[in-house]
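Below are structures written as structure tokens.
Each of the next two complexes has chain A plus one more chain, namely chain B in the first and chain C in the second.
Moving on, here comes the complex of A and B:
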């Protein structure tokens, strides 16, 4: 589904991703682990198309298309979703308006009609209930005054509404208590299908107890330095990155 | 140079003498004062951010009276109490619709002002600076709305000031709004015009009796080559509530000066505004809130946006007299630069002579939040729509005094359209 080949990325003229290779097929869940500052979030933002993340060489191919040719919103139309490590607060924009504009933006990109307000409300009620998010939070401004856990659940509601083919979830598990972790994991597992792929970025083994990855990679200093199966995550938990990477 | 420009204005005086008979002496006195005061200069503190070139490079002729114009007008109220249209400063019977307004209020044009027993030239402010004086000396017409005590005009009154075919010509309109005790009125005032380089120099005087309530929308949507120098004077008696929202999008050079005098305990003034300056435009807002008595409140919320080479300035002065204890006065100004070449200036000024007061002010200048933009686009929202959403959110703060949801949404639609025009215009 997605193929990242010899990717080099500069942020503020500093090279952060230094020759990264990764291929993920439909139906797979991959996990990337690695020390702070390794470049995990930079990789996620580059996949999502953040401006000023300069790809100096290499390529990202998504479903046969050159992803780097597309703007951020177009990538969402193609089926990419980024769950933010730090979801952004946007005062003055209601969560509902935000999600409806997002969904209709994607539908327009795909040449579909806008979803009516009534139809959208029906959809959002179901998705919010699945993630135990009450309607009050949907009426509030985007992420404003949300706790860390509420922000992450909000990310999962957005993912459920947009129903992406490929989701990159950047530390979606951090700052969650055990109940919230379960809810969020259920949300991720619901998105796990034969025709979708998921890339989990995480620090902790505990998310991987709930969402079992097919492959685990270690990212250090801008490169994937080791890959393996789920057992690699346990090994990292035991020994730390220093010995492995 | 300045003297010759003003002398040209002096020569225009004779052509309006007799138009509003009881004001002839006032006109002459005002013109003398204009000559003495002189036109503003960049040294005048209030004019430090405004471009004076249009005033100094020659006089504007008097605009020609026009009975009608086919220029389209955007109305905001579905069922207004009345639609009052002035064209080049003269009341247009053809385009106006008085509705049933005159059943409940005293309504007349300024040209008929002298015929009424209760109305005298004294009702008209002579002015405080050269532009006011020129307005007083050269005004052609205006509306006089007097809402009797206890009368609530429930539907909004729309007041349209339209200028057409007035290249290098000036329109000086004078409107008077008077609210009796516990009276209420909603006014939606608009300034619009064609693409000529006209000058619009209106003055509005508002007098509010005890417990009166005035909801006031003022939209400056002049033509793109116009100069607009608007003045608004509001006097509030005890327990009166003024809720004013100004929206400034038009003109090449625009100034709005608002002076609110709080003269009674328990009065409250909201003086809010949004100014959206497209490439090359210059917008100035000057507010003076004068707390003279104890126990009154005021709040100012200004949000301004400056695009490429545009300038947006705000000077807000709060004065609290020595006796005006227990005053609460707040002021918040935020500017958003849509481009590095945009400019925003803020000059808050607090002159507080009483000791038991709660006053605050804050001013920030920023750019669109790139993290927020990325967040929105990362959800499939295209960049133009994302910017529009952030601009609407930013501007929305300034519209909170508009309680009517439909009206507030209609005003917000204008902000959205402004952003849509901007994205259509591309990189001009």
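Moving on, here comes the complex of A and C:
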């Protein structure tokens, strides 16, 4: 589904990703682990198309299309979703309005009609209930005054509404208590299907107890230095990154 | 799929320019260019005005000649040649149309293009629960048609052009005209007194809640004509009215002058809600053309417990000089000012309010949101004045500025004068730049850059927008997006 080939990325003229290769097929869940500053979040932002993240060489192909040719919002239309490590507050914009605008933006990109308000409410009620989010939170301003756990759950609701083919979840597990971790994991597992792929970026093994990855990679100093099955995560948990990185 | 996106983009690109930029070929009747006693006599005669009105105008003209253009605002524009302007332009038509069927179809077509609900059916066919709106459209200088007049008449509401009111209700007009904004108040107000050609008069009788929103659409059409409307709204004891004003103007290279005066009077327990969405032509991307908007708007909360609320969304004009104000004369009267001012490209806005507290227990609220993009300059200028007689008054002011570009300016100039120690005054101000994180967050949810900016800006303006009547709020939201197009990157 997505193929990253010899990717090099500069941020503020400093090379952060230094020749990264990764291929993820439909139906797979991959986890990327690694020490702080390895380039995990840079990789996530680059896939999503953040400005000022300069790809100096290499390519990213998504469903056969050159992803780097597309703007951030077009990538969403193609079916890419980024779950933020630090979801951003947008004062004055209700969560409902935000999600509906997002969904309709994507639908329009795909040449579909806008979803009516009534239809959207039906959809959001179901998705929000799945993630134990009440209507009150949907009416509040986007992420404003949300706790860490609420923000992450909100990301999962957005993912469920947009129903992406490929989701990159950047430390979605950080700052969650055990109950919230379970809820969020349920959200991720619900998105796990034969026709979707997921890339989890995480520091810790504990998320992987709930969302079992097919592959685990270690990212260090801008490159993938080791790949393996789920057992690699357990090994890292035990020994740390010192041996591999 | 990529093709449709491309096509959509091209359409957007093509329509990005000023949406209302068209002018209409309609036979115009014009006064000679320039300003002198003869032109004023011409205007007065055209309107069949009584002698007292002509004298009043001439007096104002001589007053104006002695005055000077104010220069204290943070605005830069070339000297205006007041003799190079047409002061009167009217669509040529014989008699006043009796019904819509008699109105020039070309005129109706323009209104349709502007989206004005001139035909009653159109309004009635609106969204479920939509309130009725009565429209008084000012096309250049003359009010062309008023709708819903009959229904309003039943309620005892007077809603007509001010020229008609001068003839039909002279006592009332004489009593209140220039009672809030004196002739010599300022340069532009004096000019307006001399040459105003039309505008709106509203009177709400005692205890009447006006059954519908009243609305005037102003539109400047003829070349080199200034538009000088005059609006006078009187809300008698215990009455309520909500008034909407929308403005557009066609695209022209030259600058056009607009100097309006709006006066509101609220008697005991009366409430006036005045909402404006102003999108006069702002000039092109290089700052060529656009409307010079010098407006004096002021309300007098004359009676006890009276309330005047100004809500404005200002996105247009090359130059905006505008301070809708409240004189809080009555005991426990309330003044409110909610404002969104957006400037882009080379626009300049110097806008704000004055809250003058005379009455004991009077309260005022000021919420101002300024958004600056491109190379524009956006200034909030406000005065809160507490006179010795005003015991126990309160004011709350909040001024927030949002910078969309690195090349624009946001300025806040609050003046506070307190002559009664019991007053409670609060002032809060913030300036922020639209954050890259917010933009990226929106974009990573499928919004393109302009949609993202529009969404963040609309959120920023939320506190003001929620004070607009429903049907206006939707339009205003879209307008914010349109005004900021091309402002990012």
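Heads up, the rule we're going with is that the second predicted complex is superposed on the first by the 245 of 245 C-alpha atoms of A that agree within 3 Å, B and C clash if a C-alpha of one lies under 4 Å from a C-alpha of the other, contacts with A are read in each partner's own complex, and residues count from 1 in each chain.
Following the convention adopted for this analysis, a contact is a pair of C-beta atoms (placed from the backbone, for glycine too) under 8 Å apart; a residue touches a chain by one contact, two chains touch by 3 or more.
Just so you know, these numbers come straight off a predicted model, no measurement behind them.
Participant: With the two structures laid over each other on chain A, which partner does A:118 touch: chain B (first), chain C (second), both, or neither?
Facilitator: A:118: touches no partner chain.
Participant: Which holds for A:105: it touches chain B only (first), chain C only (second), both, or neither?
Facilitator: both
Participant: Return first, second, both or neither, reflecting whether A:178 touches chain B, chain C, both chains, or no partner chain.
Facilitator: neither
Participant: By the touch definition at the top of the document, which applies to A:90: first (chain B), second (chain C), both, or neither?
Facilitator: Touch partners of A:90: chain B and chain C.
Participant: Contact-wise, after the overlay, does A:242 reach chain B, chain C, both or neither (first, second, both, neither)?
Facilitator: So A:242 meets neither chain B nor chain C here.
Participant: Both chain B and chain C touch chain A; at which residues?
Facilitator: Comparing the two interfaces on chain A, one with chain B and one with chain C, the shared residues are 45, 48-51, 71-73, 76-77, 82, 84, 87-88, 90-93, 98-99, 101-103, 105-106, 109, 158, 162.
Participant: Quick one: in the complex, what on chain C touches chain A?
Facilitator: Going by the criterion above, the answer is residues 1, 4-5, 8, 435-438, 440-449, 451-452, 455-456, 458-463.
Participant: Write out the stretch or stretches of chain A touching chain C in their complex.
Facilitator: Listed in rising order, the residues are 45, 48-52, 71-74, 76-77, 81-82, 84, 87-93, 98-99, 101-103, 105-106, 108-111, 141, 158, 162.
Participant: Quick check on the complex: what are the chain A residues that touch chain B?
Facilitator: So the residues of chain A touching chain B come out as 45, 48-51, 71-73, 76-77, 82, 84, 87-88, 90-93, 97-99, 101-103, 105-106, 109, 142, 158, 162.
Participant: Name, in rising order, each residue of chain B that touches chain A in their complex.
Facilitator: 369-372, 374-383, 385-386, 389-390, 392-394, 396-397
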